[in-house]
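Beneath this line is the structure, given in structure tokens, with notes to follow.
Chain lettering (A, B, C and D) follows the sequence in which the chains are written, and residue indices restart at 1 in each chain.
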Amino acid sequence: VQTYESIRHQTLNLCAPLTVEDHVVQPYDFVSPPKWHLGHTTWFFETFCLLPHYSMDAFDPHYGYIFNSYYESVGAHVPQNRRGVLSRPTLEDVRAYRAHVDARMREVWNDQPEWRQVVQLGLEHEQQHQELLLMDVKSILFAQPGKPTYAAVGEPGADIPRTSGWDKFAAGIYEVGFDGDGFSFDNEGPRHKVWLDEFSMAKALVTNGDWREFIEDSGYQRPELWLADGWRWVQERSILHPLYWTHSRGEQWCEYSLSRGLQPLHAENPVSHISYFEADAYARWRGCRLPTEAEWEVACGNQSCASHWQWTRSAYLPYPGYQAFAGAFAEYNGKFMNGQMVLRGGCFATPTGHYRPTYRNFYYPEMRWPFSSLRLAR
Amino acid sequence: VQTYESIRHQTLNLCAPLTVEDHVVQPYDFVSPPKWHLGHTTWFFETFCLLPHYSMDAFDPHYGYIFNSYYESVGAHVPQNRRGVLSRPTLEDVRAYRAHVDARMREVWNDQPEWRQVVQLGLEHEQQHQELLLMDVKSILFAQPGKPTYAAVGEPGADIPRTSGWDKFAAGIYEVGFDGDGFSFDNEGPRHKVWLDEFSMAKALVTNGDWREFIEDSGYQRPELWLADGWRWVQERSILHPLYWTHSRGEQWCEYSLSRGLQPLHAENPVSHISYFEADAYARWRGCRLPTEAEWEVACGNQSCASHWQWTRSAYLPYPGYQAFAGAFAEYNGKFMNGQMVLRGGCFATPTGHYRPTYRNFYYPEMRWPFSSLRLAR
Amino acid sequence: VQTYESIRHQTLNLCAPLTVEDHVVQPYDFVSPPKWHLGHTTWFFETFCLLPHYSMDAFDPHYGYIFNSYYESVGAHVPQNRRGVLSRPTLEDVRAYRAHVDARMREVWNDQPEWRQVVQLGLEHEQQHQELLLMDVKSILFAQPGKPTYAAVGEPGADIPRTSGWDKFAAGIYEVGFDGDGFSFDNEGPRHKVWLDEFSMAKALVTNGDWREFIEDSGYQRPELWLADGWRWVQERSILHPLYWTHSRGEQWCEYSLSRGLQPLHAENPVSHISYFEADAYARWRGCRLPTEAEWEVACGNQSCASHWQWTRSAYLPYPGYQAFAGAFAEYNGKFMNGQMVLRGGCFATPTGHYRPTYRNFYYPEMRWPFSSLRLAR
Amino acid sequence: VQTYESIRHQTLNLCAPLTVEDHVVQPYDFVSPPKWHLGHTTWFFETFCLLPHYSMDAFDPHYGYIFNSYYESVGAHVPQNRRGVLSRPTLEDVRAYRAHVDARMREVWNDQPEWRQVVQLGLEHEQQHQELLLMDVKSILFAQPGKPTYAAVGEPGADIPRTSGWDKFAAGIYEVGFDGDGFSFDNEGPRHKVWLDEFSMAKALVTNGDWREFIEDSGYQRPELWLADGWRWVQERSILHPLYWTHSRGEQWCEYSLSRGLQPLHAENPVSHISYFEADAYARWRGCRLPTEAEWEVACGNQSCASHWQWTRSAYLPYPGYQAFAGAFAEYNGKFMNGQMVLRGGCFATPTGHYRPTYRNFYYPEMRWPFSSLRLAR
């Protein structure tokens, strides 16, 4: 129960630097208000651990509708783009909801064996939302004209060791995917063989300084570097640089960070908040390519948690022999296996202990609010 | 200065029943968060009374951008549909802003003569926002799944005296529009002659019970009753009843009110929250029509403040000889003279003393969140 | 029957310079393919003159769906923006349809008395479509990269007599609207009294040269000249000059005309293809205003057919005592009385004999494909 | 040159049953008018074979803009969704353009060696457009209220041999992708090793009768069967059955075919015109899955040209070591490697000799106008 307490408490910790008002707003459809994250992660335990096993009433009859994210099998839910319209329940109400559910969880903790896996999934789920929370907080604070800072959160800085060069890997049959005793999401398995041709992987992530060269070489203006969908996106949105970069202080590039607000760009830091379209165009400009997720797992899976997520050129699709989780949890991962690209590697926002080498993250190719980065392959 | 204090205080009073979170959200593009109303009405005094006449800095350099509504001549502003994204300034910040500006206004109050008219306009402006605030609060609270109540606010109830029949008016030249010593908006003048043919005006407003008959006679399904734009609107939005009516408690019609939340429909109350399209279709169904604004002013202008605004069949256009306010205030009313219809009469939400018989309100014909109503003419 | 033959034949004449392909396309939702005009005007006679009075089958069971424009009371119809998808019936089929209906009309011509009014309405309707046809043909040909010419059609040229100065009119009661023995549309009546304050009307239409001055004085870049809806329209669409003006031959302004294709702008010609928003902004820039339709009718109604339609500042609304046509024809005009502005005066495209001083045309304020123009008032 | 003549002539043959008007219209953004296909395939030879090698003028200075599809490197082009607006050049003009280019090609035929590969690519390209032409013609004719037939085109019928059961394949390393002397598109290579786990492939395609069972088991109403993006698509578009199925003749299902128009559904025919989303949901409903493209190539690549294209569960991405064609042709395939799914197998509309086992077709997952089908794997 200590792990439970600790993880649950960490979510509140992450919200501590925010004002009440910061908890409420939703600047884009894909961003959720922090208040909603607090409620949704609690609803997960109430809905899947408590209500099915104990004769108790829901804390509030409306919360099932408000805090269900996308589980069609457990009923209707507020449309995702209307989460920022919910002034009620208030932050105080949601904290009371957390306290209530946590108290009940403690009471029944020892009954757990039959639903221990669900509790574990709930905690992994909460940790995923801790990452999302930081992504969303960054989007929310940057949307404010005053560009306020959040708090020190260990974003990668100039202290990253400088490396260069390539690691080379021989062709052959490799095994990738999860196969062990601990927890993993359904989409990480089963472990399976893949044939890989010989390939090389860059030791270092692409940096802000590298990216500035791409901009200065008119990278955003040259259609031959882009996928057709990416070129349309660049044109329609007038994309000229990574998200959170600005020219606001004269001619010097600035970058917004959670810890330090708007500040001059650090050329040595890994570039971040770039879309798959941008990552792919950059790699083509360098005469390289992005790695596949299998290549990445073989080459980088065992490194310590990296400073940023990394785009791969693999579409998010089921592994051979994929079995979705049972029941409502079949909706957890499997139904999103369309149109998204896989990212690999953890980042500063990944909770300690949450990362595994086989972890598959996934976003649509135009998404820029994740803490994304890229590593070249060839 | 007592009037100033009293009107300024009343805006805070109206917000008192709200939670912090209620101040932040924007359920529709045309709704403003209460926090924004509090800031914008303050910005009006700072921008037009204080900054041009005294060597002082703006309270915050971002507020000009955040709290300007639509005055192109005083600079850029947050797009209207992004007001609900602003978590900052917080409610507490905005209250401090109000206190600061009010303190400065008190200090310079006796200097006023040269800009007394601007102060008066600022107070009339604030009273307009008090009406808007109640419209917006109703929209915000109704958007919550729990449909919370707000507070007792004098909404019209079953105590309205029942009247029926028609008042008849002879053809002739009448005078309409403002011409007096007190305050009026530029769009109310100049007073001018109009020729009116003989007409009759219903003594009573159309009621909920009347409207239920329209619904039961398939009024929303009969294209011959509707304007073409209205019919398209009804079809595309699946409009079946006035805004804030629901069937949520079984078969009985309910209506949401600020004072009492969701409650069974009172048949005797005036119908409200209907669009111009609906008002026009209803009138046609009864074999009648809506009055023009000149007819309304002649027939109803001198009655005490009515229980609801009332749609007319007049487009919102300048009177003959119309002169816009000078300077930035030219943007106050004149630039909206396109595509909107005039409503006449005050309502329970109109601050005491704010209403004049010549007052012209105006909304787009599909708008339903005003406290609109209708009176038949023929 | 000679009038019938002549008017019907004139529609075919107008299509004679077109290729088969020109008859089919629909570059914008508000443009109809010429083939559709040919079919629709024929459907009008078949549906309202022949089918209700004689036991005959429709020429083709699909044509009621295809060629009905917007008459809800006679059944479903192809959505307006899908007319350009109809390759069938072919042009040849539609011509056969015209010949068939005309032959039947001739056969029953002497039976006419009981439905003579419908025949007359059908012919006036066809003449309205002859104007629309030229508007639509201009839009279609201009949408072709090669900008082909159509044919000589009497567009206004440098031979227009130059006038200047103002006509002044005294305040008083005037009568406007139709009241005579001949044909008029329902929206032109009843004739009724209006009070007009003293006003002056420019003798001449605004010219291309005048308009160039507006452009050179940054008229399209100054928000204070524009209605709010107009300013949004200008910004969103990047409007910088009247429709059909181009800079394509270097720095010189060119204008596309039906007779002469793309040619250098004639400064003395009346400006055309401007929206209400532009006309309104231009008038404000000149320190003037647009006339109301009553002023226009009093001042200009009796002049010979003008070279262009002219925007007024009057919204298209029913006259006092307005009675819609009976039956399906109630949909002819009345249901469009929302959101549109009135234009007065005929143009080179108006068929001889079709124009009356009381004629009311109407378009949405952003429309630019009519042969619109403007005359200043003050 | 005989092959050239024969392939070029076949495109005209395919257009022969169409009216002039059928050549012009574009019912959906993704459909091209037949006239445009005729011009674009000709522009390909003029632009890539003639103009770079001979001092000659383009046939028409506008055709480069009109008939370029998406080659950014050779200049601007008409937006894809505006192709249906082009009445000019006329069909006759386009035929003259074809004759002109064909004549020049004949003249210089013997110079070919240095650009023979481009000619071959141009012919393969023209054959691809022959398939597209039939897809587009079907869409165009079905969009007509009269649902006209096209011509006998060998669509699959009840004469397809009935098979059932599964073929099983052992796990191991396989080779897939093109590696030979003849022509192939860049996206088919290089030939490369893949590891495949053991799998089974259905011998037969899913039939209309099978699909009717899916409908009758509420397949379109059960979210658990669908990808999240697919479920949203089904809901928003009210998808209830494959494209070209109708209920128009009472309760019996009908299907529209090019050869026979609207006719009762043949239960034994392979189902067609289903999206990837539908194929994926159907497979899940049967407790199976779609094959990967590697599985398909191993299992089905060597069969004779199948009756329909077949969706795979593979995203359209580059093979390991993929090299795009050189120059402008780099845009031919590579830039579309995002968001689309691979289909394998030819169909009745595939020109003889055009099909290879390694051929990769690709469409967005919601597309239904291709002659798509599906085969189950497990």
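By definition in this document, a residue touches a chain if its C-beta (ideal position, glycine included) is under 8 Å from a C-beta of that chain, and two chains touch if they have at least 3 such contacts.
Here the structure is a predicted model, which means the values were calculated and not measured.
**Q** Compare the contact pairs of A-D with those of each option in A-B, C-D or B-C, and report the one where over half match by residue number.
**A** The A-D interface is reproduced by B-C.
**Q** Nearest whole angstrom, what separates the Cα centre of chain B from the Cα centre of chain D?
**A** 56
**Q** Could you please state the distance in Å, as a whole number, between where the Cα atoms of chain B are centred and where those of chain C are centred?
**A** Once rounded, the distance between the two centres reads 36 Å.
**Q** Please compute the C-alpha centroid of chain A, do the same for chain B, then give the distance between them in whole Å.
**A** Chain centres of chain A and chain B, defined by C-alpha means, are spaced 44 Å apart.
**Q** Specify, in ascending order, the residues of chain C that touch 2 or more different other chains.
**A** Within chain C, no residue touches at least two other chains.
**Q** With chains as vertices and touches as edges, which is it: line, ring, star, complete or other?
**A** Chain contacts: single closed ring, each chain with exactly two partners.
**Q** Given the complex with chain A, which residues does chain B contribute to the contact?
**A** 19-27, 35, 60, 62, 65-66, 78, 82, 84-91, 140, 143-146, 148
**Q** Can you tell me which positions in chain B touch chain C when the two form their complex?
**A** 70, 72-73, 173, 192-197, 223-224, 226-231, 276-277, 289, 313-315, 317-318, 320-321, 330-331, 335-339, 365
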